[in-house]
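Some structures are shown below for you to check.
Across the two complexes that follow, chain A remains constant while its partner is chain B and subsequently chain C.
So, the complex of A and B:
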């Protein structure tokens, strides 16, 4: 009884989660020219929504995201290049709206940071390996087998050869 | 044949002492970042409009209310431009403060009525009071976009040259006015530069 109810709930939830993504684009009127519309859509995907901060304006349901989608379509329809249309938005909202921040003085660390960390990690691992192999070698050299150990080793090896 | 294998003593490996404190060091570093993160406000997006001249715009007045708002109106005196709407809940929180500014004649406040309906805005002003000198009706929100508005309310401080000095995101509270806006307005009137 309970299981059946649960199963029904899970099923309903799955259905609901299938439906939601459709909201985002349903309200927009696309441009008549499919080429221009495709360019506008490509730009929408590069622009970050200011209200739902980790979505692109393409994905967001926010009113402002819709306004910006329409604005981009208007710019493209008016003959703007992709760069000019993006620039128009950046002029008003800053680099913040770009999902891929541009490479410039202030963002060098952002772009090269991962590489720096990779190099740092590789350096540390290299040092660690060198030190470890160095110390084991030193330990072996510092402690040669005693006569007693030599004898035991020999006995073991002989024993093994016989079997 | 099981003999206890003796671990090398810690004296022979001084780096292990250092290693022992690694979890603490890592925890402190992560904790430090999280502590700084607590004080950040990711919802407040830095405006690129600061220091720029106000956008070129010319908005009509609300129906039945004189005086629309355009670029030229914002030159010649220090003023505030408040982005508001009748549908905006937190606008009501800051509203009494603007009424006070008007009542005491401290600084002219202009309204940018963002994506609202004229009659609704007029009704809102009738009910809660009209603190604005000029009000421009931005029905489609295009002028708001030109100002870099991304939420309502927002409040801009404009200097005598018609440049945006600073932007307050969210409702203006008593403390914001006292600590940020009023000192900046005073400085601007004395011909100093100001930031807030």
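So, the complex of A and C:
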């Protein structure tokens, strides 16, 4: 009973004087509730580390990434939904912080680009194939083998059958 | 003195390259044997000169000559010798010199071993190669000179980025560059063929071994890079779709497509225009990669250049190369007529599908890599295109590639029977079904996408093996007959078997390690234990440790399974002083089933440490599979047809002068 009171007093003192124990900010301490922690980790994977190249804050050793991890955990612990927690970060850092760019006017070309390229390439192959088989078939039909060529063909085929 | 010699050798190399880029070209056009003959000695001399320059820089690094600015900025006397040497290319100037060295080594190799090429064609190839060398030698000399002196010399250097002080990364850039720059051979062969106006089966045979060698090196380089990321960055990831990784992946995709389309040119005299274009694009993507990494357009561990003059120079060079070669292509390509006809379902058809999908995949990666740059330049809006985008777009494109690559080698040339080919793969079909069923039983709780993923990998491995067995008539003919067929079979077909099976292993590794990975992140006091899947990690404590040029903390974990100790793992957390930086050295224990991965992080101040553990099933298959792919490429390279080379084209000598006439005749 006394201990509990004492602990509460110490806690109040810390809060009041804003002396947060050093380890609380320095180290990635997972949230006690595994469900909340799993949600926080899933969000970590969607946010980019601000000082690295395309690494998520989950995958980065940078100090800034760690700070963001802790920030996300704080928001989740405070009862934010996933969407609200991500929104909180995006509000401060912009769309840039999202590893998956949102689908909107300026990113339409990005998201549809691969499909457009595939369709274009398929169309080109189709046209090429049709034109080529048309023209070459006509050329072949127009020029039957001469007697000389027939003889060579026969010689080649005979030769091949023997080996 | 030594540094000045290197500088001087580089200036001489530029002069030789200028001669090599022009004189043989004119000689080949005019049919002057003496001028044509200049290409070979010029290429060899140029190669020797750049080797002298590279040797001089290496000497400065090995002897820690801090009066050379480049050494002072990137080395330190306390570094182990391995990293003094790898420090030569661990910086902007030195890595460009390595790029150049590899370029001229390839040129020298053509000069020495290209005896089977007709002299005028070889002269043109070497001239094109020298044009690239002129660009890069000027780039080194005028914007990125590694031989600049620093007076007075400092007592010690500033050191190499500690992340780069690692055996895996010491050899990663040379392999990567051997691949990147190796594609310059395909480019030079393509441009030389365009100048001659002639692409045929012989051309495809000449260009294929060079492309294959470059592809093997690039595969090895990318594999080493991802392996390094896996154990050095300390988060268990191995591929981040980082723009710099993409820069090496795009030439790989295009180069893989090129390898396959060159087969069609060689065997069926078709797809010629496309193959030449692909050769140009593959090297252009290598140059683009160099631009992206070296210009500082992207800022990351890999980008050393911050000087805009460098970016402008290399961009101008990139545009000159691409615009020049594509203009030549536009003029000459229409004159080249395709030969063999084929039905959509045929070996050729399968290779066209391969090219369609690989090019689309390559374009997707290009779009995702450059889109943020364009959007920023045009609208000022900053976005990030990260792994989710690439996984969503690139992944689905690869599924048909994997499905088809098992069937393709079973199809005959010209006209095939799809149903028949699949029926002949009945062992592979049953293996894939069994693989899916086993996966379902072992991992019934998902994730559901992993189940067909494993099936796909098993399908590829089994189909590759079955295709090999089919070729030998194994189990369908007496064993003596199969052995005789083994003796006679072509090596390149076995290369396909190995490479395709290797790709299947990579898929299984990727799917299994991402779907069933267990990761645990926690704060532990010494003596505490943590369960990771079936394993128990017991923390024995962490102690400080002194390395040659860093201070470290080493944690000790005893890992047990079912009460039996299976491993003692000792990850480290290192802090370097020159320059100050923290790195993680993960402890990895590789078993048959996969990797256990342990990281020790920061102390909490009250005697506890933050720790991370992973159990990554089958992740080592990614690298074993990559090695299998390289092995497949190497087996293919030993093919007799490539060694002896294609016989000279009929009427060899008359052709130099006749090339222009034959163009006109077409």
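Keep in mind that, in the parts below, the second predicted complex is superposed on the first by the 116 of 163 C-alpha atoms of A that agree within 3 Å, B and C clash if a C-alpha of one lies under 4 Å from a C-alpha of the other, contacts with A are read in each partner's own complex, and residues count from 1 in each chain.
The rule we apply is simple: a residue touches a chain if its C-beta (ideal position, glycine included) is under 8 Å from a C-beta of that chain, and two chains touch if they have at least 3 such contacts.
Quantities reported herein were computed from a predicted structural model and do not represent experimental measurements.
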{"item": "Combined model on chain A: chain C and chain B, fit or clash", "value": "clash"}
{"item": "Touched partner set for A:91, first chain B, second chain C, both or neither", "value": "first"}
{"item": "Which superposed partner A:71 touches (first chain B, second chain C, both, neither)", "value": "first"}
{"item": "Which partner, chain B or chain C, touches more chain A residues", "value": "C"}
{"item": "Partner chain in contact with A:110 - chain B first, chain C second, else both or neither", "value": "second"}
{"item": "Contacts of A:38 with chain B and chain C, given as first, second, both or neither", "value": "neither"}
{"item": "Contacts of A:127 with chain B and chain C, given as first, second, both or neither", "value": "neither"}
{"item": "Partner chain in contact with A:99 - chain B first, chain C second, else both or neither", "value": "second"}
{"item": "Touched partner set for A:58, first chain B, second chain C, both or neither", "value": "second"}
{"item": "Which superposed partner A:155 touches (first chain B, second chain C, both, neither)", "value": "neither"}
{"item": "Residues of chain A at both interfaces, chain B in one complex, chain C in the other", "value": "53, 94, 96"}
{"item": "Contact footprint of chain C on chain A as seen in their complex", "value": "22-23, 26-30, 41, 46, 48, 52-56, 58-61, 94-101, 106-107, 109-111, 113-114, 117-118, 121-122, 125, 129, 132-133, 136-137"}
{"item": "Chain B contact footprint on chain A (complex, rising order)", "value": "50-51, 53, 63-64, 67-68, 71, 90-94, 96, 131, 135, 139"}
{"item": "Contact set on chain C toward chain A in their complex", "value": "233-235, 237, 240-244, 298-301, 338, 341, 344, 352, 356, 359-360, 363-364, 367-368, 371, 375, 379, 381-389, 393, 397, 521-523, 582, 584, 601-606, 610"}
{"item": "Complex interface listing, chain B residues touching chain A", "value": "8, 13, 15, 42-43, 45-49, 115, 140-142, 145-148, 150-151"}
